[in-house]
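In order of appearance the chains are A, B, C and D, and numbering begins at 1 in each one.
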Amino acid sequence: MLKTQLCGIKLKNPLMLAAGVLGSHASSLNWILKSGAGAVVSKSFSKEPNDGYRNPTTVAVEGGIINAIGLSSPGVEAFIDELESVNRIIGKSIASIYGANPEEFAYVAGKVEDLVDIIELNVSCPHAMEGYGASIGQNPELTRNVVKAVKEAVDIPILAKLTPNVTDILEIAVAAEEGGADGLTLINSLGPGMKIDIVTGNPILANKFGGMSGPAIKPIAVRCVYDVYEGTEIPIVGVGGIRNYTDVIEFLYAGASAVQIGTSIMYEGPEIFGRITSDLEDFIEESEFNSISDMVGFAHKE
Amino acid sequence: MLKTQLCGIKLKNPLMLAAGVLGSHASSLNWILKSGAGAVVSKSFSKEPNDGYRNPTTVAVEGGIINAIGLSSPGVEAFIDELESVNRIIGKSIASIYGANPEEFAYVAGKVEDLVDIIELNVSCPHAMEGYGASIGQNPELTRNVVKAVKEAVDIPILAKLTPNVTDILEIAVAAEEGGADGLTLINSLGPGMKIDIVTGNPILANKFGGMSGPAIKPIAVRCVYDVYEGTEIPIVGVGGIRNYTDVIEFLYAGASAVQIGTSIMYEGPEIFGRITSDLEDFIEESEFNSISDMVGFAHKE
Amino acid sequence: MNVPQVIEIKKIIEETPTIKTFIFDWTMVGENIPYPGQFIMVWNFNDEKPMSISYIDVAKGELGITVKKVGKFSENLHSLKEGEKLGLRGPYGNGFDTDLRDIRVLAIGGGVGMAPIAFFTEEALKNKAQVDVVCAAQTKSELLFDKRLEARGANVYTCTDDGSCGFKGFATHRVLELIEHKEYDWAVVCGPEVMMRPLYGSLETHMIDGEYSMERYMKCAIGVCGHCCVDNTGWRICAEGPVFSSDQISEIVEFGKYHRTASGLREYF
Amino acid sequence: MNVPQVIEIKKIIEETPTIKTFIFDWTMVGENIPYPGQFIMVWNFNDEKPMSISYIDVAKGELGITVKKVGKFSENLHSLKEGEKLGLRGPYGNGFDTDLRDIRVLAIGGGVGMAPIAFFTEEALKNKAQVDVVCAAQTKSELLFDKRLEARGANVYTCTDDGSCGFKGFATHRVLELIEHKEYDWAVVCGPEVMMRPLYGSLETHMIDGEYSMERYMKCAIGVCGHCCVDNTGWRICAEGPVFSSDQISEIVEFGKYHRTASGLREYF
């Protein structure tokens, strides 16, 4: 009953694992698929290996966490081994990639194209090294160019994952659409934010600030999806703070065709996928909807 | 022991009421002053009366609320009556004003200059009517012009209150500083955000989206203060999610000279000012600090 | 709790030509269980306004509000049918003291002000108070909850502006007559402020303390916006109120004089 | 709880030339009370790493960690004095089963792997288990907690690579000798994986089930980043681990073979 599709890719349900959460190894990706996710997004990886930031890389805040993992990545060559072991029979596999310029993005995308169903472009990490992540996604021109280069390099669908940390997310979304994105993933983590230890005066994260995620960011993510739905034509994957089936419904109503779950895995583990799919089935059964796609954009009705 | 000063104005403590919370009448402003606040900021008011948005104007979200009151205001003439009744002997009075252009801001500021100690410019409301609020504060040029016009019109200190909903808050802060702001208030409510009712599909707020406030936004507010402290010379008033003395300390360490408290009044009423001042006194007594000003910017130490 | 729960209207009762009661299923646990004097915010998907709780049944898990048709919002509610939905959040505010065993109470309700008075009276009676109710309306057909409270064991004294129920005159007159002949320890009052103001005077003169329920324009109802604050104390009607003691009323200088509109402009009664 | 609490080092104990124990005041309530096998994240205001809890005293409200000097971070900890501060968050992870009344337990610790083994042994003894401890180190002066556990009533068998304590050889050899002559119902193991791997083989051959504590590079320690997940099950060392049963170990194909560095690249042991 939860069957749906995204950019022509069939999904057994609209729930996906969000990038960077339990996504570094094929083993954890497979565990999430077995737990009921319709698709999994890998941790973002790059051409060359990268250690990421020193610890502390995460700290709790009200309603979630802030993190500055710093895009640690073993590099595409090593990650190919992982992607080859993802069980694509029980669910779909999405590679999240990052790079410093269109060429790097295109290179990495080309390397993994045959191993995954969709490629997600991380142009939105709020704590990436200078030149990476949000420094691309905060600029419509750079965003358009990265999307365009990857679009030209691969034949599978590509999602551009955007940052909410801009004056006008619709402007960036339109640029990504123009660049040829098949869909948009909204949103990457918020802020960034900071937490300071009151005894020593030290910002707790080694990187000082980090992206905020978890239930607290949901209202912002839902608004981003709502706004971008009105101004673009391509499908949207909603992400940010989902913890319950009601949160999933909010995102669908706002205009998302599918959703991703990240931080909430911290509260109850991969089982969250099974619980939400079953709650969602119950909801649809009792509702007047016949399918997930019926629900997409429902909040925009007159 | 908590005595400090802001833009040359003496404060018995660094705690202020934030604009728009219990700030529409002299009576509630006086209640807050009696409860221990060092200063109170009025609800933002304008030249002409404005009803604001239809209800619902607030709804709870994880870690706070979203609101779209819509800058309701009885207009400056009526508000003068309120300001005249504020008890400026027990604490300082700050007028928050808004307008559509530099002239309106300057007009309203001139009208109330003699009745208050400081004027705060709301160029940052995330749910204002087109042309007001954040549509000014998201543009460095417009921000500079509004600040400049008010600076020329009045002789008392002026604070520019900025929105976090921009790609680079430092850029706007610098513009405000260039315009002649004596200080900066960071941050207005976040997002905006949206909450959708899952039964009917309606966005709950009548305005559909609204600014997010409360404990959940604190990490973002602290980071904004930290960043702007590094890039500007004028004092900063920190606001966003303060609920405890530890939150106040985080803001001081990040670089705020004073702080404002808004949404948390919902949890325990005006008594929050008395509780936090007393906790803050205890903290300083046991610490190596001798004054509030010793603590300002402590997180930037080497 | 500060999010509207969308609930079907279970039952609609036509109380008078202009007043209807709407009954909803309501989860009766903890802070969700309302007490008399509290209100809920009612969202009709276009606007949201406060309504006093006029009825509860804890065992059945039911809650009722009673709405008078006076303007756009209340007219819309009156147009709804059973099975249609409204969003409810609350309960909000403080409530009347009902712990009044053996106390001789005079409960006074004017017009739809009888809504919280009816709920109060039922609770007070359960707590073994002796309750006389003054039920005031413009005309006989508009008398609200007089029969309901009589059936529960209260003495109900009605009065109407046009005398159609026997006693012709305002609640003030009815009350004056009563308190000159009967002893009361406590009064509970809800109605238009133009009615409550003189009543307050009379009750004070007769040294009858009590509680008064006030209305002010509400936006948030959760104590943040400050729109419902009253002069000169600054108390929030939605948090410190809507019910105030006689002593508190004496500090509310705007009581009976003015309130504020949506913009915050004062409007004199 | 997932925020470092900055706490003064109350006491520092030099256990061996390369190992120190750090004692802190710790609020012992609810989920804050650690059990053996759990770890905390230690922040020295420059980096943050996992350390097993080696000691608690619930009555006194004390917790201890025991750190071996091996690199930059641990060297920095060793340079600290009593009264200086560290940030601690946790406890994290699952723990060893200590509910082992009358069970004959063989507890095996290699090097600083004795840290959780010591805490385990004390708890298991309190629960009336019979515990034999194999305490392995490179040389006699590096033997950790052998005296402490003997004093608590465990039989302690030491061994060192250089034979300086009598028995020359690895923990594996010591254990083989023991299990060929004595009956055990349960084993508990912590140490380098190059030690645990052959031990696991021997214990399986002798049909001795038990629990093994593993280490992997940790970033978040709260089960989100996925950096500590192991092949092929995907289990998180910080959440489903660090302690795994013999059956679980058989599913962890990388056990004793490889782990991952900060970037996520595999590094073979």
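Keep this in mind: contacts are C-beta pairs under 8 Å (C-beta built on N, C-alpha and C of every residue); 3 or more make two chains touch, one makes a residue touch a chain.
Which chain is which protein? Per UniProt: A, B = Dihydroorotate dehydrogenase; C, D = Dihydroorotate dehydrogenase electron transfer subunit.
From a predicted model like this one, the values you see are computed outputs, not experimental measurements.
Counted as hops between touching chains, the shortest connection from chain A to chain B is 1.
Distance from chain A peaks, on a Cα-centroid basis, for C. Separating the centre of chain B from that of chain D, both taken as means of CA atoms, is a distance of 51 Å.
The centroid of the Cα atoms in chain C and the matching centroid in chain D are 66 Å apart. Rounded to whole angstrom, the centroid-to-centroid distance between chain B and chain C, based on C-alpha atoms, equals 36 Å. Residue positions of chain D touching 2 or more other chains: none.
Residues of chain B in contact with two or more other chains: 195, 202.
Contact topology of the protein chains: linear, an open path with no closing contact.
Under the touch rule stated earlier, the contacting chain pairs are A-B, A-D, B-C. Listing the residues of chain A that touch chain B in their complex gives 61-64, 66, 138, 165-167, 190-196, 198, 201-203, 208-209, 212, 215-216, 218-220, 222-223, 226, 241, 246, 249-250, 253-254, 298-299, 301.
Here chain D touches chain A in the complex through residues 1-4, 6, 41, 43, 45-49, 85, 87, 218-227, 229-236, 239, 260-266, going by the rule given at the top. Chain B contributes residues 20-32, 43, 49-52, 54-60, 65, 67, 69, 72-75, 78, 195, 197, 199-200, 202, 204, 206, 262-263, 265-266, 269 to its touches with chain C in the complex.
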